[in-house]
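For reference, the structures are reproduced in the following blocks.
Across the two complexes that follow, chain A remains constant while its partner is chain B and subsequently chain C.
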Partner chain A sequence: MGARSIFLADTMLRLWWLKNNRVMAVLELAWPYTIIIVLVGLGTSYGSLENFKNSLGVTDPILYIFASSSVAFAAVGIIDNAASVAQWHRWLGTLPYIMTSPHKLSTYVIASGLSLSMLTLAMEFLVLLPGVLYFSGPEGIARMSLVLAFLLLGMLPLVAIGGIAAMASLMVREESNVMGFLNPLLLLLSGVFYPLKILPEILQLASKAVPVSYVVEAAKIAATFQEGLARDLFLVAYIIAAMILAYNIAGIAALGGFETIARRRGVTD
Partner chain B sequence: MVSKTRIYAMVWLHLVRTSRFTLSLVNWGVIEFLWLSIYILGVLAFAPPSEYQLIIPMVFWAVAAFGLMSTPVWTIGNWMKYYVNTGVFEEHELYNVSHSLFLALRALPSIVLTLASLTVAWIFLRELTGINPMRVEDPLLLVFGLFFILVLATLYSLIIAFLSLYTEAPGPLLDFMNLLLFIIGGIAAPVERLPDPLKTIAVLTPYSHPAEIIRYASVGYRPYLGLAQEIIATIGYTLLLASLVIMVSRKAVKKAKKEGVKGIGRT
Partner chain C sequence: MPEAIEAIDLHKSYVQREGGLIRGRKVVVKALQGVSFSVGWGEIYGLLGPNGAGKTTAIKIIATLLIPDRGDARVAGYSSVHEPVEVRKLIGVMLSVERGFFWKLSGRENLKYFGLLYGLSGKALEERINHVLSLVGLDRIGGGERRFEEMSLGMRARLGLARALLKDPPVLILDEPTLGLDPPSARVIRSLLREMASEGKSILITTHNMVEAEILCDRIGIIDRGRIIAEGSPEELKRSVAKYSSIYVTVSGSSAQARVIVDHIRAVLGVAAGIVGEENGVSKIRILVEPGEESKALTALLSRASSLGIRTVEHRIERPTLEDVFIRLVRERG
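== the complex of A and B ==
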C-alpha cells in the first residue's frame, strides 16, 4: 500500500463520514462564513472596511477577506492534520497496526494529513464561491481560483514539517500535537489579517522565511486590480517552489531520523 | 448529593493529567496567545490609529472574554470525543459518576491556560503598540464579569459536549454559535453600538451581560441595561443554562444507553 492508496482511502473515509453524518457536513460548510462574519463584524465595530483596505493596500477588501480566511485555515492545516492523524490512531489503539504495516509511519501521516487538508481546502473553496460571486462577480471567482492554486502550492513546503510534528508528538507521549503552536505562529508571521509593518523588525524578517507569507502575498495581489499581475504572481510562485525544495529536502532528512527514534522508543502506549 | 471525595478525586485526576501533559498545556497556551494576537492585530487594521487608546483596551477585554468563552469548548466540548473513544464514558456510567461534573471540572485547566495566554498577549501588545491594553477601573467588578463569562462558557460547553454525544459531530463544529454570539451578541462591541435589531438579540443572549460589566469595569463604558440589571441578567442566564445542561445531558445519556455509545467525528 503506497502513499497514493492511503491518500485515496483517507479521502473516501472522510467523505463517507460526512455523508453519514449530515450535521457534521452542514457545520463544516458553515464554518468559513462564520470566520468571515467574525472578522468583518469585529473589525467594523471599531473601524471601517475603508481603513482595512488602506492599511492592507488591497483594492477589493471583501475578496481579500474571503481569500485570507481560506489561507488562515487551510495553508497551515497540513501540520496539524498530519500530527492529529497520528494522535487519533494512538487514542483509538490502532497505531500499532499502522506501525507494523509495510509502509513507513511518516508516509501514512503525511498522506493522510494531505488528504484531510486538501479536502478541507476544496470544501472551503466550493462553499465560499457563492459569496465571492455575490460580492466580486465572475472576476472574483477567477481571482479566488488563483488563490486556491497558491494555497495548494503553499501547503507543500510544510508537508515534511507535518510529519515531524506527528513523530515529535508521539515521541514525547503527549495528548495533542506539541508543535501545534506552529500553525498560529506561521499565520502571525504571514500578516494574514494586518499589514506586516505592524510587527517588530525581527518578526518581519522571520516572515520572509515563512511560505504562508507568500500565499498571503498572492492573495493580496489577486485582490488588487493592478497591471503586471501575472508577473508578480509568477515571482511569488518561484519563491514558493524554491521553498518546497528547501523545506522538504531538509525536512525529509530530519523526518527519517525522527521516525527511527520514535520506533526505537515505542510510541503506542 | 455528590461526595466531597469524588470531587477531590476528579480535580486531582484532572490536575495530574494536566501536569502529565505539560508540553501540550504549554503548547496550547502559546496557541491561545498567538490567536488572540492575530485577531487583535486584525481588528487594528480596521480601526483609525487616532482611536487606538480607547479601542485597544476594549478589544483586548473583548478578546479576553472570547478566550474564556472558547477555551472550555475545546477542553470540555471537544473532549467528549476522547471521553467516548477511550471508553471512560461507560466506566463512569458503571460507577454512577456524574458525566457533567467530571467534564465541568475540566474548566480548571482552562482558567490557568487562558490567564497565562492573556498575560503574554498583554505584554506582547503593550510592547507592540505602546498602549496598555489591560486598563482596569474597577478590579472587583472585572473579576465578577470574567468569572461569570467562565461559568456561562462552562455550561455552554457542557451543552456542546452532550450535543456532540447526541449528534456524533465533534464539539468545535457545533460551536459556531459562540463565534456568532461574539459579534452579534454584544461581546466584541458594546450593545449600544450595535444596530437596532442586533441590540435586541444581544440583550436576549447570555454573554452580553457579563461582557457589558467587563467593559464598564475596564474602560468605564456605561452598561446598556444599567449595572444592577446586567448583574441580575447574568445570574439569571447562569441558572437558565444550568437547567439546559441538565435537560440536554439527560436526553443524550438516555440515547447513548438505548442505542449504545457511538464514536464522534474527527475535526
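== the complex of A and C ==
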C-alpha cells in the first residue's frame, strides 16, 4: 500500500477524467504546440532562428525549445500540481475522504502531485513526438527521450516543496497555490527563457541552487549532443541527485510539522 | 475489549475573524467544551443538537480530520490524535450527501478510485464494488454506470454509504446521512443502517431530525453549545423530562358519571386521573400513566365506561416526544 496505491489511484482518476471530458482532453493535448508557437515567436524576435540558435549556443534550437520549455514547465509544475491537487479535492468535497484513507495527507499530496506531473509529461511526450520527428528525425526522438529522463530526475528535488505548497495552500484557506509566486522566479533562474550569462551575477549565483536550471542545462547538452558531452550529462545527473537528497530530507522533515498544523486548524472546508 | 468509539473530554476552539482587514478582530468560538461519550459494538449512537452545537466538530475529531485542543478520541482503542492511520483503517465516513465525489466520473469509477486509495485492487476490488452497489440498491437503478453529476440526491446518499462500506469497516461515522432526502430515500438509508448495526457494526450519526434519532438510535447524546447536556436511550430521555404520558378521554354524560370512571381507574390502576373539563353534557377526563402503560389504562377506562353505559366521544394519547426533550433541555439552558 502507501504511495504506490495513491499513485495508481490518482493516475486512473485522471485517465477516467480525460475519458469523460473529451473537449478538455483535446485541449490538454494541443497546449504543448501552443507553447511552442509562442516560444518560436520569441526566438524569432532575436532576428531569426539562426540568431536565436547562436545566442542560445545550441545546434538544434527547435529541439531545444521543445525540450527545455516542457522541461522547465513540467519540472516547476510539480509544485503547482501538488498544490492544485489539494485545492481541487477541497472544492469537490473529496478532501475528507482522502484524509480518512490510510495515508498521511503529506504522502498523498506528494504521490498525487507526482502522478499528475508524470502523466502530463507522458502526454506531452506523446503529443510532441510527431513534431520532433518532423523537425529533427529519429535522432531528435532519442535526444527527447534523454531529456525526458532528466526531466523525471529534475522533478524529484522539488517534490517535498510541492508538498509544502499544497499544505500551505490548504492552511491559509486560499483558493490557489500560495507558493505560485515562486514559479516565475524559478523559470527565470532556470535559464529557459534567457541565457543565464545575461542575468545579474547574484541571480546567476542563485540559479546554482535551483534544480530546474540543471535540467535545462541537460536539455541544452542533449540538444547539442556530441561525443564527449556524456561526461557533462553525468555531472548534471550527479548534481541533481545530490539536490534530491538535500531538498527532500529537509522538505519531508518540515512536512510532518505542516500536517499536524493542518489537522489542528482543520482544512477540509 | 475497548469500546468501538470513545470521546474523552474533547475541547476545541476556533479563531474566527470578524469585520474588515484593518478594523477586524479575532473571536474565539468554543466549539467543544468537554464532550465525552462512548459507542458500543453493534450500537447506533446519535449526536443530536441544533446547528452549531459541535456535532460535526466532534465527529471530525473522531474521524482523524481534526486534532482537539484537549482530550482524545479512540476507535477500538486507537487514538484518533496519535494513531490516525490505525483509526482510518477501521472507519467508514460519510460527511455530506451532496458533495464528496468526482462529478464527471460514474458511480463505479468513483468507488474504484476510493477502493484503490484504500489499498484494494483487482478482482477483490471489483467484487467489493459489486457487493456494496447491491447492498445500497444502486445496481438495480443503474447507479453504478451513471455519472455523479446526473444522480439524484437519494442516489448520491446511497453512493456515499457505499463508499463508507467499501473497505467493510467495523465503525461507521455519518454526518447527517439523510439530510435533504425525500422520505422514501431516507427510509432506505435508515433501514440499511439498522441492517449494518444488526451485523455488528457500530454507527455514530449526527442529526437534528428528532424522528430519525428516535426510531434509529439505540442511544442518543444531546449536544448544545459544545456540551453533552443529556444522554440515554430515546425512552430514558423522554422519561427524564416528562415522566408520564397523558390520556385524554371525552365521555358523554354528567360529571358525576365521569367521576365514577375516574375513581375506578384510580382504584384499579393506582394512577393519577381527574376531570379536566365539563361542557354541554360532555366531560373530559385526563389520566397520567407511565410511558408504556398507555394501552392498559385506556382499555380499562373504555371497558368501565361501556359497562356503565357511558359513550366515549373521543380519546387520544399524548406521549412525550424526543422533540419535547430536546426543546425543553435546550430552552432550559437559555
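Convention: the second predicted complex is superposed on the first by the 261 of 269 C-alpha atoms of A that agree within 3 Å, B and C clash if a C-alpha of one lies under 4 Å from a C-alpha of the other, contacts with A are read in each partner's own complex, and residues count from 1 in each chain.
The criterion applied here is as follows: a residue touches a chain if its C-beta (ideal position, glycine included) is under 8 Å from a C-beta of that chain, and two chains touch if they have at least 3 such contacts.
This structure is a prediction, so every number in the text was calculated from the model and none was measured.
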Touching partner for A:T94 - first (chain B), second (chain C), both, neither: second
Which of chain B and chain C A:N21 touches, first, second, both or neither: both
Contacts of A:I37 with chain B and chain C, given as first, second, both or neither: first
Partner chain in contact with A:K104 - chain B first, chain C second, else both or neither: second
Contacts of A:G266 with chain B and chain C, given as first, second, both or neither: second
When both partners are placed on the shared chain, which of chain B and chain C touches more of chain A: B
First (chain B), second (chain C), both or neither touched by A:N177: first
Doubly contacted residues of chain A, that is, touched by chain B and again by chain C: 17, 21, 92
Residues of chain A defined as touching chain B within the complex: 17, 21, 23-24, 27-28, 30-31, 34-35, 37-39, 41-49, 51-52, 55-56, 72, 84, 88, 91-92, 172, 174-181, 183-185, 187-188, 192-195, 198-200
Parts of chain A lying in touch with chain C, wherever the complex brings them together: 1, 5-6, 8-9, 12-13, 16-17, 20-21, 92-94, 96-104, 260, 263-264, 266, 268
Residue ranges of chain B in contact with chain A within the complex: 21, 23-24, 27-28, 30-31, 34-35, 37-39, 41-48, 51, 55, 58-59, 62, 82, 85-86, 127-128, 167-170, 173-174, 176, 179-180, 182-184, 188-189, 193-194, 265-267
Touching residues (chain side chain C, partner chain A) in the complex: 14, 60, 63-67, 84-85, 88-89, 91, 93, 95-96, 98-106, 109, 112-114, 116-119, 121, 147, 163
